[in-house]
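Quick one: the structure is below, and I'll ask about it shortly.
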Amino acid sequence: MAVRVGVLGATGAVGQRLIQLLDPHPDFEIAALTASESSAGKTYRQAAKWRVDSPIPEDVAEMTVRETDPDDVPNDVDLIFSSLPSSVGAEVEPPFCEAGYVVSSNSSNGRMDDDIPLVIPEVNAEHLDLLEVQRDERGWDGAMVKNPNCSTITFVPTLAALAEYGLEKVHVSTLQAVSGAGYDGVTSMEIIDNAIPFIGSEEDKLETESRKLLGDFDGAELSHNSMQVSASCNRIPTIDGHLENVWVETEEDLTADAVAEAMREYPSLDLRSSPDPLIHVFEVPDRPQPRMDRTLGDGMAIAAGGLQESPFGLQYNCLAHNTIRGAAGASVLNGELLLENGYI
Amino acid sequence: MAVRVGVLGATGAVGQRLIQLLDPHPDFEIAALTASESSAGKTYRQAAKWRVDSPIPEDVAEMTVRETDPDDVPNDVDLIFSSLPSSVGAEVEPPFCEAGYVVSSNSSNGRMDDDIPLVIPEVNAEHLDLLEVQRDERGWDGAMVKNPNCSTITFVPTLAALAEYGLEKVHVSTLQAVSGAGYDGVTSMEIIDNAIPFIGSEEDKLETESRKLLGDFDGAELSHNSMQVSASCNRIPTIDGHLENVWVETEEDLTADAVAEAMREYPSLDLRSSPDPLIHVFEVPDRPQPRMDRTLGDGMAIAAGGLQESPFGLQYNCLAHNTIRGAAGASVLNGELLLENGYI
Amino acid sequence: MAVRVGVLGATGAVGQRLIQLLDPHPDFEIAALTASESSAGKTYRQAAKWRVDSPIPEDVAEMTVRETDPDDVPNDVDLIFSSLPSSVGAEVEPPFCEAGYVVSSNSSNGRMDDDIPLVIPEVNAEHLDLLEVQRDERGWDGAMVKNPNCSTITFVPTLAALAEYGLEKVHVSTLQAVSGAGYDGVTSMEIIDNAIPFIGSEEDKLETESRKLLGDFDGAELSHNSMQVSASCNRIPTIDGHLENVWVETEEDLTADAVAEAMREYPSLDLRSSPDPLIHVFEVPDRPQPRMDRTLGDGMAIAAGGLQESPFGLQYNCLAHNTIRGAAGASVLNGELLLENGYI
Amino acid sequence: MAVRVGVLGATGAVGQRLIQLLDPHPDFEIAALTASESSAGKTYRQAAKWRVDSPIPEDVAEMTVRETDPDDVPNDVDLIFSSLPSSVGAEVEPPFCEAGYVVSSNSSNGRMDDDIPLVIPEVNAEHLDLLEVQRDERGWDGAMVKNPNCSTITFVPTLAALAEYGLEKVHVSTLQAVSGAGYDGVTSMEIIDNAIPFIGSEEDKLETESRKLLGDFDGAELSHNSMQVSASCNRIPTIDGHLENVWVETEEDLTADAVAEAMREYPSLDLRSSPDPLIHVFEVPDRPQPRMDRTLGDGMAIAAGGLQESPFGLQYNCLAHNTIRGAAGASVLNGELLLENGYI
C-alpha cells in the first residue's frame, strides 16, 4: 500500500517537479498539497501556473490547496516533502516534525545543523541514523532529513568515488541553469546573451555542504570531511542542468583512467529512483552537455567527462539535472530511503 | 600621414572587426584586402557576408579582394594585419615577412616560437625587441608580431597586475562566447539551451601563452614565467565577451583590497587603442557580465570583479570583448606599438 | 512480423529522428542505413554525430552505413524512409522506386508532381490511391509517397478541420525552430538574440503544398484547393517546434467557438503514430508555446490556441514539433498508412 | 539655453533609456527624477538597478530621486518625460498637466482619448495642434502628448509611406523583444528556447493606435483612418528590437518597387533625434534582423525589407528598436517637437 504524502510549497518550480515525480510513483500517493496563504482554498490547477514538460496530473489538479500548517494536513499523511524558501522552511518545518510528520526537505534552512542528516542516499545513507540523535535532542515524534543544494549534489557523488584516494583540495566552477533560481528567479533581460558570475550564498553551500556529506558519522557525532573546497558560481542561459568544472587534489596521485573506473564502478542503490549506473562517464571530451545529458537516468544520473591529469590533480567536468537529481528527485529519493529504513 | 595597411583574411569574423576598427583609425589607411581564392576578384561587399554591428564602410565595400599572396599586395603597403586559420597562416605569413612586410597577426601559428614576440602592449611591450633576434635568425626584411588567443588576453592583464606578488598557481575556468569560434564555428543546435565543456586546443593556449607573455626578455632570450596554470574551457550561448573565473596563488599573501588596488592602478599605455583604465574593477559581486560590460573602453578594457580571499589564494572573475580586445583590437594595438617603436 | 526498413540519409537531423522513432517501433525493423559516400563503410556510431535527446540505440550504432544506392541495399528491405537534401533526393529516390522499393520520403523533391501523393494521413489518406496513377505513368514496381514540409504540416490539419466552411483566404506567419534547417543550417552567430525574417523557398512550400493537400482526388486526377495562401516565414532562437499565426477567411462565417469545436472533434486515425486527439485546443490565450507544447502526443499532435474573431475571419495560433510531426514522424506515419493499405 | 526636464518613472527600463538619451542631449537638461515611494529620497544610483549598455551618467547618479508628485518637482522644470505603468500614469499625469507642466508621455493611459495627441513626429506632427482643443476642454495650463506603443511605432511609418495609395486592410504579426515588457516582465524560464503567442492588450494597441495616428485632424476634431488592422503578437527570445511581418492591401495596386521607393523617400524631419533616412529599405531578403539592424539611425530608424507582391496586396517586414524608437526615443522626439512648436 502506498504511503500517503504531502507536498509543502507545491506550486513552486520544485513543487511542480515533486508532483510530476510523485504522481506516478508506486510507493507514494499524493494526499495533501500546501502553498502560501493566497493559494489556500483554490484548486491546484487554479493556484499553480503549471510549467513542467508533462501535463498536470488530472487528479492532482482538482485537489484543494491547503495552508502550510500541520493543523491543515490530514493525520493519515505519513511523509512530507518540502520545498519552501528557507525563511519559510525555518518557520514551518519544525512544527511539522513536532506534530509527528517525517519530513524530506529540499529547503536550505537547517541543512548544516549538527543533528539534521544531509543525505544523498548513494553517498552517505548511513548519516540517516543521525535521526536518532535528532529525536533525542529535539524531542520530535517526527523527523527531518535534508537533501543538499542542487549545485552540491552535482559534484559530490564524483568526489565520493575518489574518497579512498584522500580528498585534499577541490576547485569547482559552476555553469548553472536558470531553473535553479525558481520560475521568477532570473529575468530574461538579465540572462539572454549574458552570464552572471554570482549566485547569492551558492559558493558557501558547495563548500560547506560537500564537507558535511563526505564526513564520518560514528553513531553519535558527525565530523565533516577535512578537504578544502573553493567554488565559483555562474548563471548561464540554459533551462535545466548544472555543469561544473572540477579540479581535485588527493593524497594519492590520480590517473584519469583510475578515476574513470572509480566513477563508473561507484555503486548505485536498490532504491526506485536511484539510477544504474549512478555516474555516467563520457570518453569524448565535449560531454557532458546540459541539453544533451541532463535526462540520463530519468534525470537522476550524474554525468562526468573531460577527465585529464593537470598540474593540480585531476580535472573533469560533471553535470546533473538540477530540478530532478538536484532538488525534487533528491527529496523523493530520500523519501524512498526513509521508507526502506523503516522511518515511515 | 596614415600608414597604408593590408588585411589578410578580411572576410572572416575577425577580419570584419579589423575593418570596423581600421576604417576610422587616424593612423592607418586600408589599402589592400585579401581572402581565399574563391573571393579574390570580387568586391569586398560581394565577398564578405558583413555581420558586425555597424554598416560596412562604403569605400571598403567597393575595394577588390585580392589573393593572400605577397605578390598580389601593393608594395606601398607598410603594415599587414592578419587573421587566418592557423594552417593558412603558417603557410602564407612567413612569405609576407620575407617580402619585407611587417605583420601584426592574430593567427595562432607561431605564437609559441622562441623568436616571435607574443605581445599585449600594456603587459609586455618590451618583448617587441625580440624582433631583432627574429630578423637575425630568419633574415627577414619584414617582421612578425603576434597577439595571444582571446581567452588568454582576458586574464593575463589581471595576472600582470599581481606579478610583483610572485605568481605560483593559477586555476582558470572560462565561459566563452560563440563569436570566438568564427561565424560558422558553433551551430545553433549545439548551443541554444546548452553549454559545451570543451574547446579544442584552448586550454593549452591559456596555459602556455600566459607563461610566455609574463616571461622575462633579457635582450637575447625569452624565459617563460614559472607559474603553473590549469584551464578548463567552456562555450556558452553568448554572442561576445569571454568571462573567466580565476584563482591565483602567489608567494606573498594577497588580500582582496590589495588586489583591487593593484588592478585599478595597473598602468595603461599612451597608445590610441589602449583604454584608461586598462582594468575596470567592480565592487558589486555580480559583475562583470558579458552583455553589460564587454564594451567598456570601446571593447578594449578588461573588467574584473568578485574579488575574494579563498582557501586557495585570491579568487576573482574577469571579462574582455573577445573579438575586439581579444582579437582584432589586439592586432590593431600591436600595430600602434610597432608604429610607436619605429618598426614601420 | 516486422517490415524490414531502410533509412536514406540516416546521419542527418531527420535521419537521427527516424532512427529514434523506428528503433522501438513494433511494425518496423531497421535493416539498412545509408549516407553520403564519406560515411559509407563506417559504423553508424562513427558516421553520425548523434544529437537527439535519447541515447543512440546500441544495435543501430553497430550497423555499417551503406552508400545511398539501390544496389547497396538488401533485397529483403520492403520499405525505405528517405530524408535527403532535395537535389540528392531527386537523383537517388527514383532509382529506388524503379528497383521495386516503396519509399516514404521527407525530401522536398517531387512533392508537387501530379502523380506523387503528398500525404498527411489524418488529412488526405485517400490521396494515397494516386499511387496507381503513378505506377501506370512511371512503370515503377515500387512507389513514392511524400510528406509535406514541416511548416506546412503545422497548419494544414487546422485548415482541414475548417474545410467544410469553404476555405478562401489564409495568411500565415511562422516562427520556426532552428532544427528545421538541419544541424548545421543556422549558426549561433546568426540567431542568438536575433530573428531572421526569411527562409529560402519556405513561403512557397506553405502556399502550394497546402493547396495540394486539401485538394480533391477523383480517382484519376488531383485538383488543388482553390483557397489562396500567403506566408511569411521567420527563424527564431528555439530548438524544436514551429509556431504559426494564422488568419483564415471562409465562405461561411466562423465563430471562435465553432472553430474550437471543429478542431477538437477533427478525427484522428487508427494508426500507431497518430495521436488522439489530433488537435489539442488551448483555452488560455498564451498557448501553445514551443518548449511547453511540442511534445504533446509524443510530438505528433497539433496544438492550437488563441482563437478569436478578427476583421479578417478567424485568427488563431498553431504549433507542431517540426522534426517529429513535421518530418521524421510524418514519414513514419506515412509508412504505417502504406502498410495498412497493403502497399507493403 | 537647455530646457530643464523631469523624468517620471526614472528607474524603470524606459526611464533608464530616457536618461541615457537625455543626458547628452544639447536641448534638454535633466533636473528632476521621480520614482515610486520606496525609491524617493535615495540617490538615483541607489534606487535604479542600472542595466542599459552605457555607464550611468555620474551627475545623474548622484541626484536624489523624488516622489512622483507635482509638488515635489521644482517649478523651473518645463518639460516632463513620463514612463509609468498605465494605472499610475492615469492617476499622476493629469495633476502635472494641471500644475502647468508640459508632459511627453510613453505611458499607455489616455492614448486613445479624443483630445490627447498621439504623435510620431515624422508621421502626424500636425496632430500636435490638438493641444489647443485639449487646453480648452481640460482647462490645463500644461499639456499632454503621447507617443504610441512600441509595436505600433514599428509599422506605422511604413504604412504612412503608403497612405496615398489608400490603405484598406492590414495584417501584422509581431516578433517582439523581451525588453518591451520591462526588466521583470518576462522571466528566463518563460522564454529561453520558447516563444509566447500572446501579449496582453498588445493586439488592440496596434489595431487602434495605428488608425488614430493615420487619421485626419481638421483643426477641431480627429477622425481615425478607415483602414482595418488585425494583429497577432508574439514574444521571442531577443533583447531589443521588434520585428513585424506585414501585409497591406490598398485601393490602388502596389508594386514592390513602388513601395520601396515610397518608403525610401518618405521624409524625415529636421529634429535632432529624427534619423535620415527615416526608413531604411533592404534589398536582400533576409533583413532586417533585430540584432543586426536595431541600432540603425542610433536606434531611431525604421528598417524594412522582404518587399514582395502577394495574393493579398504587398507583403514586407519591418523593425525598430523598441526601447529607443519605440519608447524613450519616441518621447524625446516628441519633446523636441513640442520645443520646435513653441509649447515650451
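The letters A, B, C and D name the chains in turn, as written, and every chain counts its residues from 1.
Everything below uses one rule, namely that contacts are C-beta pairs under 8 Å (C-beta built on N, C-alpha and C of every residue); 3 or more make two chains touch, one makes a residue touch a chain.
Quick caveat, the model's predicted, so the values are computed rather than measured.
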item: Centroid-based (C-alpha) most distant chain relative to subunit D; value: A
item: Comparison of A-B and A-C (more C-beta pairs in contact); value: A-B
item: Averaged-CA centre spacing for the pair subunit B and subunit A, given as whole angstrom; value: 42
item: Chain centre separation in whole Å, for subunit C relative to subunit B (CA means); value: 47
item: Subunit B: positions in contact with at least two other chains; value: 51, 192-193, 237-239, 291-292
item: Residue numbers on subunit D that touch subunit A, as the complex places them; value: 13, 51, 178-179, 183-193, 237-239
item: Residues of subunit C touching subunit A in the complex; value: 51, 53, 192-193, 239, 291-292, 295
item: Subunit A contact footprint on subunit B (complex, rising order); value: 169, 171, 173, 175, 192-198, 228-230, 232, 234, 236-239, 243, 245, 247, 285-292, 305-306, 310-312, 315, 317
